[in-house]
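Presented sequentially are two complexes of chain A, the first with chain B as partner and the second with chain C.
Up next is the complex of A and B:
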């Protein structure tokens, strides 16, 4: 019997075609299967320093994301960060981080399949998001590297600003169960721009 | 077109284009730029509605949102009730009719889009009149982020309705230049047709933009018809202007009676002459420009009755030049006419006494009782008001932080004053933000004639007033509510002393117009009746929304499939494809059952149950809440939050647990597995996932911050598939080749990590049915792959998918409770017959102390029992009450308890129920009764476990 690689389905696999047909000015695509780990540790602790050294980047402060390393670090709460890395890195990262933390107190949990990621880009991004997001997304207020956890329409999301140029690049991390609702909402929000 | 009431050379409507519309079944025409009211007036139609109580003919009193009379129902293109003709922009094909107070909502679904947009700014300016435009311009020039909202289609505010020049040219030229400059600023947003209607905390202002209403049937379907703007502003300037106030006199409600400033607006904005022969009744100077401009446009002004003894020379001579008789010290005491005013009764009014009256023929009676600053939004923002006796109105007194008025909204009524005030308000707003406003050159206004103070007059004595009593039965205060001076006097006569109470007693100010023309007048009349100062009496509180807002607009896009988020599991597409019907569990869609062709729900559920009890079945359990608990003190935390001991659980084992509140009542249950020495994974009920995490975090963060434990929700990381039934072991063995599935190697209440269908999986041997069962957990991405592999492997065993209904039947046969269905927050674990889950050894845990309360130890508490109806076909309704006798006694009927769960059991071949019954455990064996459809159904109380009491089936 040949061993086949088991097939994975991302939460928005069925939405690819619909998302590809959005109007010019906004591009939305799913970045499926990213590695995501929840890190919980006391800010300023030895464990946090150990994690930062292991990742090669500092852990960002409130509502900020550290996007310069190969592992992105998103601030999720006063003692919580989400580590985002390319597909397939979970086991390796978990092992490295747990080893780095050693006997100190910090915990890492694999939550890769918990959320999916939507990448939004183009000049219409801000006006589309403004239909459902109460956060001021003006680049002077929410520049690149911002990462508010908020509501978009009625779905909880973590919004990461990757690029705040006039045509911004924004990532939305959304729980898998809300992903289809959010996709439907985004498509509907573009109605006026067709 | 014969439009005798259009004034040549006046107005901003596009006369080159004609629009057809129908009002009250009669065809009319108008022009782009008209409102429904202006187009009707241009066609000589004044009688547009009827009073709601007395059915009297009513006309158009005003030219804007303050209109109390001219309520209309739009019939086409889409039925919409209760709009004011003065704010409905005219469009081709409009069909409307006048209303007597109430309209009708459409029975058809509204297919138009409505949406919401969030906006943020440094300064929000509400109102694009002279003050608002000046404020916006000044703020824009500092580079601030500015939003300007204005309710009209065209900015300009009062400038649209007057002939006052700016810089020696028509004022609208200045407006055009300002707008052109504002358009250059990227950070300035000008919203037309947008009415701010609510001021909320932290500078949040809600505004309604009517985006395509004015396009009628031509409105594009993809553009939202109306939009709610949620504007978060650091500073707000309310340049909302002022509303003219009428005066109460006999028969002051007839068509043809109009506010003087509104008539001026009809002339200058719409080029409409609201009559041919007018009488003007005023208490102040502002009616004179109206009289003069109308006279110059061809309206014969038959008389000006000015209640003041002294009329300024400027106005007196301007009137004289035009042959207009000014009667100083005179009032209008009443009117004649049915469909339209035909005569005003004018009388001298010296020293508070009416002299001899005589009639002046007219078809238009213009009234000005002074001006009320539009302070509703300022007041909503908790700005305080004071009474200004000079103008007889409430004006801003104390402004809350970040909020201020400008122009007429603050009691400044000259054009030059409004412009300067706008710049000053912008300066205050910006300096609060640390910005400096550069010198802003203002346009030069025309010379200001020397004026005279206004006289405050709320009510003209009625010739019908008796020696002792005032009458006032024909003196209307709130035209929409048909409330009169006599209604106000009845309220004060009944002992009411507060305007708030008078408002509710008379309904004055409760209509669509929020008492814009009646509120202050009411305060004045109440003050006179009570002999108190209006300043002390005050005015009624302003509340949002300041203008009517439709529910469709408030709902926005949250309707249809976007009404509430639909949460689905990774397996959802499979369920849909395989014909599952779904049950809503909170926001989740869960498969309810999977009917085959022609099956009823009963048949499908019986089939699914039979498969689980006799063969093998599988379901989607992914919605169960899952919380990862890690850290050296993880066991300590769980020991404190569960009623039983968790720290003694060995790695590789599973334990059931119950959580209680501090009152000892069960709040959630689930399983706990020990993943590693310092790591546990617990499950919660589907609906409680978020609540349990918050509950645990709250204890951890507020009571036991010293514990070294972290909680992480992993609910959606996993897809969870219960595989249930005597053949489940064989099916699992087929897809998990590395797993020793024997009972010895993989016993009940243990778990193993293995590979299922090629996917790293965690398999638990737990059962929510009493059958041999496994729970397969894999990362959600692999859910469908593993589900399909299990389904395929089970094919040889006729594996059956089942939904929540079958799950409920199976668990109820075993008396496994559902927290929230079989409990209601007043049920202890002991009441559920689960004393075994409450530790006697642990020193403490949440809820422990409450178990020692006398109330919780009573033997006659309600306890969970089984019920078997004597007739095995009778299905008791959940929620049914339980009584002791076969006859229903006279009320109050002593209730022993109620049915919490009730099903048809395939295994028992009969119906059964679970119930909470007082002293239930002691009653086992007794017959009780359930009232049902006018009779009582006898039921036998049983042990709650009705199937496989000895637990023989769990190992297969």
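Up next is the complex of A and C:
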């Protein structure tokens, strides 16, 4: 009997080549295995202040993201934030945050395996996304630092607008099980720009 | 498609939301004191007005929070939305509501 060692693989590993062949105005690549932690805490509480002090950035308000620190903080709900950091930071961050929170009430949970991230950049990004997303993606309504959680082509996603100028840079956080569907949809949505 | 205003996220498409029935239906103070008919009234019977109706909705595809809305059942227009625990808007407290109750 052979024992297979579990190997970590990203949900879009098989899509790399297809995504590399999109039209020139849009560049899509997967950022696999990012560390993602869900923070639940009452806004305005001591725990929230402790977390903000630990991360060195304030926790953002509704539909906003705080992208200036080395850990990105995305607003997911009135008492919920998603902390996004590079691969391999989970244990260190969990330990630091839990000791910062101490006896106060807050929960920090590692949810890194739940979602994968797609990085979209290029001048066509907004027009491609607009084909499946009802949120107004114009930079006056959804500027850099916005993070609406919504439906893209019926699939639940969190959109993070990183940059506006010169070309939009948008991150899409999508459930691992929806990732291949969304990649297929993106390829299809780019057809008219070929 | 109709846009519904989430008190946290703003205007979103209606498919992001789920309906939660009539709002402000209080759980009986002492459920054991109710007879079968009173219990059935609490569990199954709801108002069915023609006009403004206080309802519960959840923004299932967004912030996933429950909130209350005042909706006109004739026109499907949302007259007011408010966060759970916030003060309830009355049908006549909004300009649109006054129109609807007329």
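Here is the rule we go by: the second predicted complex is superposed on the first by the 186 of 194 C-alpha atoms of A that agree within 3 Å, B and C clash if a C-alpha of one lies under 4 Å from a C-alpha of the other, contacts with A are read in each partner's own complex, and residues count from 1 in each chain.
The rule is short, and it goes like this: contacts are C-beta pairs under 8 Å (C-beta built on N, C-alpha and C of every residue); 3 or more make two chains touch, one makes a residue touch a chain.
Given the structure is predicted, the values throughout are model-derived calculations rather than measurements.
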The answer to whether chain B or chain C touches more of chain A is B
**Which of chain B and chain C A:134 touches, first, second, both or neither** = both
Quick one: is A:153 in contact with chain B, with chain C, with both, or with neither? Answer first, second, both or neither. first
### Message
Per the contact definition in the header, classify A:62: touching chain B only (first), chain C only (second), both, or neither.
### Response
second
Q) First (chain B), second (chain C), both or neither: which does A:76 touch? A) second
After the superposition on A, what does A:45 contact: first (chain B), second (chain C), both or neither?
neither
Practice task
Please work out whether A:11 is in contact with chain B alone, chain C alone, both, or neither, and reply first, second, both or neither.
Solution key: first
- Does the superposition put A:192 against chain B (first), chain C (second), both, or neither? first
Interface residues of chain A shared by chain B and chain C, listed 134, 154
Listed in rising order, chain A residues that touch chain C in their complex are 62-63, 76-78, 80, 134-135, 148-151, 154, 156
Chain B partner, complex, touching residues on chain A are 3-11, 14, 32-33, 38, 40, 79, 105, 107, 109-115, 127, 130-134, 136, 138, 141, 153-155, 175-178, 180-181, 184-185, 188-189, 191-192, 194
Per the touch rule above, chain C residues touching chain A in the complex are 1, 8-10, 12-13, 15-16, 61-65
Listed in rising order, chain B residues that touch chain A in their complex are 113, 115-120, 145, 222-224, 230, 232, 557-558, 561-562, 564-570, 573, 588, 628, 630-632, 708, 710, 712-718, 757-759, 779-786
